[in-house]
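Order of writing sets the chain letters: A, B, C and D. Residues in each chain are counted from 1.
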Amino acid sequence: VKFAKVQIRYVFETHRNQDYVVGSLELAGETGAGIYHGSWPRFNYGKIVEDEQKFPIGALELKAIYTPGHTLGCVSYVVTDLESGNAPVLAFTGDTLFVDDVGRTDFGGPEKRREWSERLYESIFQKLLPLGDQVIVLPAHGGGSLCGSNIADREVTTIGLERRMNPVLQLSRQKFIEFKVNEHHEYPPYFRMMEKLNVEGARPFGHGPSLRALNPSEFKNEISQGALVVDTRAPPAFGAGHIEGSYNAAMAMLGLVGWALPYDKPLILILPHQKSLDYVARNLARIGYDNLRGYLTPSIVSWYKSALPTQQLEMITAPDLKERLCHNDWIVLDVRSRDEWIRGHVKDSLNIYFGQLEKRLEELPTGRRLAVMCESGIRASFACSILLRAGIRKICNVLGGMAAWKNAKYPIDKTS
Amino acid sequence: VKFAKVQIRYVFETHRNQDYVVGSLELAGETGAGIYHGSWPRFNYGKIVEDEQKFPIGALELKAIYTPGHTLGCVSYVVTDLESGNAPVLAFTGDTLFVDDVGRTDFGGPEKRREWSERLYESIFQKLLPLGDQVIVLPAHGGGSLCGSNIADREVTTIGLERRMNPVLQLSRQKFIEFKVNEHHEYPPYFRMMEKLNVEGARPFGHGPSLRALNPSEFKNEISQGALVVDTRAPPAFGAGHIEGSYNAAMAMLGLVGWALPYDKPLILILPHQKSLDYVARNLARIGYDNLRGYLTPSIVSWYKSALPTQQLEMITAPDLKERLCHNDWIVLDVRSRDEWIRGHVKDSLNIYFGQLEKRLEELPTGRRLAVMCESGIRASFACSILLRAGIRKICNVLGGMAAWKNAKYPIDKTS
Amino acid sequence: VKFAKVQIRYVFETHRNQDYVVGSLELAGETGAGIYHGSWPRFNYGKIVEDEQKFPIGALELKAIYTPGHTLGCVSYVVTDLESGNAPVLAFTGDTLFVDDVGRTDFGGPEKRREWSERLYESIFQKLLPLGDQVIVLPAHGGGSLCGSNIADREVTTIGLERRMNPVLQLSRQKFIEFKVNEHHEYPPYFRMMEKLNVEGARPFGHGPSLRALNPSEFKNEISQGALVVDTRAPPAFGAGHIEGSYNAAMAMLGLVGWALPYDKPLILILPHQKSLDYVARNLARIGYDNLRGYLTPSIVSWYKSALPTQQLEMITAPDLKERLCHNDWIVLDVRSRDEWIRGHVKDSLNIYFGQLEKRLEELPTGRRLAVMCESGIRASFACSILLRAGIRKICNVLGGMAAWKNAKYPIDKTS
Amino acid sequence: VKFAKVQIRYVFETHRNQDYVVGSLELAGETGAGIYHGSWPRFNYGKIVEDEQKFPIGALELKAIYTPGHTLGCVSYVVTDLESGNAPVLAFTGDTLFVDDVGRTDFGGPEKRREWSERLYESIFQKLLPLGDQVIVLPAHGGGSLCGSNIADREVTTIGLERRMNPVLQLSRQKFIEFKVNEHHEYPPYFRMMEKLNVEGARPFGHGPSLRALNPSEFKNEISQGALVVDTRAPPAFGAGHIEGSYNAAMAMLGLVGWALPYDKPLILILPHQKSLDYVARNLARIGYDNLRGYLTPSIVSWYKSALPTQQLEMITAPDLKERLCHNDWIVLDVRSRDEWIRGHVKDSLNIYFGQLEKRLEELPTGRRLAVMCESGIRASFACSILLRAGIRKICNVLGGMAAWKNAKYPIDKTS
């Protein structure tokens, strides 16, 4: 820890997060900062900020405004630069307002969903938009986050930009509410753990004994004692040779582990490169997987060289797939979300979301070989690792997934 | 040079800068990027961008719009995010529009000033404000820059914020123009060199033989061969013991050298710490002083230990000053700008702007001791070093300057 | 370029290197340092250092001593710390003396080899060992270098350690010379280019336009215009899906390219991760491949997704290999060096060093499938990419190579 | 904390250190490493290593050998590279053997000093030198350390170099012992605290709430509540204007605080530059001062500008001093060590070591002005800050100290 040159006095939370472990407690512990939350749920640490409460920060003034909807306790923080004048300059809108999207309203359960959607509408239209078109908006999530459906890649916006271009804000009050009530969202199992950790206050990570570099025999020993293997290499490398039982969560999508791996078993890692260790360990810890026992050193090659059992997963190209589908024994298992599947899929493909695959194995047709697909091949490889663990071996992964199929101009089916 | 992970294809210039050496040519040389300028003046490198010319950059579209006024060739660049819609998202406004201020209109000389001021008004009110309140604005300069009068410290703004709070934009067209025509600006001598280098294209810096670490006898030798000493330590350290003839431009205000040092002599440096070398050398080069011969190593202490001649400059406190002014032989020389002086000064003080001091030495009263003051002591120390070089030795610098005087609640005179 | 806090006054070369591009000229250009070489060959830049020439460096004294043998112009540099006394403290022994090994003597050609071996013996026994056991030795190469046969992994040693433990120094003069005359060394083709560049003085790298990020269609376009693809991913990833015609030189062994790729064609890159760009580009430039046109962005996945033609190379495990060898149509192609092959190989395997493979393709048996092996799989994958380019497609690479075979306790043949 | 790519399994201590807080416990806490100590004193943590105990570390073998003398529990660690052979390669000699010096033998008190000196002789001559001239030696301290008298600047050595050139090892056994028994050493008060912390195991630093940035009024408030001010600027800057009561320990010699500052009061800092914060805080914590409350922000200038009371300390040059000494009211107070003073001082100067000054104030002549001197001015400035705190104000510091006096060729007295 470096001694800070900036004094951090406050940690303001916009809401109880579900998709990662919040570091407020650790940051406060190192800086002496005060933590402020909204009034729902009841956090085990920090203070509750009041609606309209103001905090002077040098020449700036930060004001909390309650913006419930995504949760009952959501707070936005609006900053004014008193040296320039009274018009608000900046708002941290948390999960209330995103770039091109708004927050989910399904975390209260089905019975609360309509009410929460209504409250979200009021928060946006009666609290945020009136701040003025000129206000810079910094939301809590960006493109690709599970906390929205279609958040744009751009990270910064303004009230005026959202008022004019955010598609959800173009709807009437009634249509907005219907849309939010009926919108489909995934709810990965690790969200439950994040809720718990973020309300209780997670212990700091990174200060305990670090994970160990394991040679192949030590690595094998950990497996025999119950550790689960997370192989973070890209799918092609995983396909060419991996350890039996391992999960393939490529570094670009480490969050996949949250859909299938239990929290009560230690994890051991296969890394694309030893330099990836810090990134991988830190990001697993951010979604609660901090029981990391070690990683194979110097790389998977040491496993190969030790002549330890190595399993393969066939990788095929889109043209290969096209040809195989002429034969009756092959079927496509499309592990994308229902929405993605509806937007276009291979004819006669079976759609089971990868996150539900483990529980829906019995839906798989017997006696058929499975060509597993997602959009690019990464989620499909994770799905394949689940299938392999279940003993389903006549499977392959498609390089480039549906994107390759589409770009090859092969036929797309949009019927559901 | 690192191999870039981002591809830089374009370097867009907003205008011919006067206050630092632009690195476009060096950046383009390393990346193969194309350089685009406005149509005035005629640059020796790059291409002229057309008004309304568009450039696709992934999902973004960048459009040049001519916004003359600060110079005849000023261009702003407006970015649209086509994935979100057609409303402009972002504008790089160069020296046309700042946070809480607008660009200078005096660089065309007195005879052009009214015309340029009118053009600036049209550019802002007919080109920029119509983009909409929602547009994020990134100007070319921030607080403290000589390219404005009262630019705020905040670095980002929006069209809506400026429309509402920028004091200059609250004026009527006629008052805006009168204000700009009569506004007082400093024009440091190095601006002339920056103009020349930026039109011709300065050679890359940092790739020639680097400056040498000089021991005291080598340092003394450089002085005897004509090198000028720039002492970049803070004023109190300079006061306690410095090399005769050296200029005191504290690291926090290195740009001071541009007001008095010629470009045709080599410079040698006194650093507060050897680690400061890169910062100091880089920032001197940015205003054209790239003929740096070396620096004293390991620090000024080696000079002291060598028993080489060391000169002192008395530092006094505000209470000391108050007492001395009871005696007739002391007078305050206030080296701040006329505007600062008018806002409050010590009674009977003489105001000569530090940048003009070298040429106005004859205005100094003979037979009087000078307590030199600026706001904090940094510019005063630079002024003192000019006086000492001119043989005027009965001087002192006031620790904390006018700020200390004011905070001590001593009387302030506002008559001019 | 950062402004240096240490003054570099001299660049001392121990000898004309053959295995990488020396940066002396670039370093001297940035620092003003003087470059010193031995008297053979005639370099186009720098000065010749004299035998016994001394250089004061603060309290240290550096002395050049001629130690010919590896080349006629080899120089060692011995450092004394005059503050402690007259005993030499440190020697930079270049390619004359390594940890557990000594320099090659074959670069003068067969007719000079005996003479050079004799001179090497004299240099070591009459010049270096007499410096005393206490001298710390820093050689020019470490473990794995082609400039020795069995250089140890340890990077630092002393004269006393080498006198006692270096196996070559335990030989009598006669046996030493016979050993050096008959020792087998590889001579990769790029050595010839390194000789030329190091004598002439290579131009600085990294300051020209940097390589471009290429999307799949741009990448394909470069291929059609003659660029060669270097795929720097690990062999399993390469096997699972690569671009036809590409060479697989895994990041851990980038130097492989020097054995087969011409210098007159532009290269384009496949990277394991975009962060690897700087490492890969820098290391290719160090062996003279600085005509790098670009790299596929963001990764090979964009190629897959574009449905562009993708080729595969079968990867098999050691048990797979064992089983296949029961069938008559499979044969092992062992691409390791003769020495490695003699120390143990799969029975009936064919040994062609990977560096000679391109020129010895006609030795391959027709009508047989080839299981290509090296020690771990990296060189084998490079060899496979050469075979694939030659249209030989019934091949596979063995994961873990001979190491896996040995660790599986499968039979090893040592007859040659 | 970064997740380590190297596995740290052992922390080996050579002895109980006295001059800084050892980080073994913190390192072990983060890595799970085992800590090993010698058998004296009894540490509250870690294990006792046995004499001749061996530890395999890959291809290396590390062996502990007891080398008492500096303390009874000193251990050296000898490393062999089994891949090369059996000759020891490297020894970590702790405080037993330094470059050009050997360990102190006075920490057991006067009654043990002869015995410990004898044991040190045996350890060096019967344990270390027999390892052989070829062994690389890495000692625990370098030049300038209080743990030796004349440790050289060079950081690495070999047994052979020390055997030949270490001046203490050239003595006969009897002379060695006499020399060690009579050698003069300083014993700064903070050594006592280091002993305690290192035996008990200090708590980790840097993880508690960090120090606060304090504005002048907050800073003043801390002073009024008992915090001590440590001004880490260089002496000239301190002289020109500092806060009354502050200690001047320049960044280059932060350890000075250990001679006079109590451990039970909070400290607040004046920094030469805000960037220095991490360095200063970390190094104060290393000698046990971890009760740091804050630092003045952004710099001392904010104090000056607030018109808060500012005290000055006159700085004079060597020629100034020479002139003043013609007057009877000036006397030189030389605060260097007795040894330094004997090697040459200003005639009639009074020698009181700066570390004892606080307790020997009554020895100062009344009615005389004091020109305080050390070698360069840094220790003198610390001494001046002690004098000022004691109300002795007619003092000045000499820029460049005795070094300047000598280089000015002024008369030197060597009588004691």
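In this section, a residue touches a chain if its C-beta (ideal position, glycine included) is under 8 Å from a C-beta of that chain, and two chains touch if they have at least 3 such contacts.
In this text the structure is predicted, and so the values were computed from the model without any measurement.
The minimum number of touch steps separating subunit B from subunit D is 1.
Ranked by distance of CA centroids from subunit D, the top chain is A.
When the C-beta pairs in contact are tallied for B-C and for A-C, the bigger tally goes to A-C.
Per-chain Cα centroids separate subunit A from subunit B by 46 Å. Each chain gets one centre point, the mean of its Cα atoms, and the points for subunit B and subunit C are 51 Å apart. Centroids built from CA atoms put subunit C at 43 Å from subunit A. Among all residues of subunit D, none touch two or more other chains. Residue ranges on subunit B touching subunit D, taken from their complex, read 233-237, 239-241, 272-273, 299-301, 303-307, 310, 312, 315, 317-318, 376-377, 399-401, 403-408. Residues of subunit C touching subunit D in their complex: 59, 81, 83-87, 89, 99-100, 132-136, 152-154, 156-161, 163-165. The part of subunit B that touches subunit C in the complex is made up of residues 1-7, 29-32, 206-213, 274-275, 277-278, 281-282.
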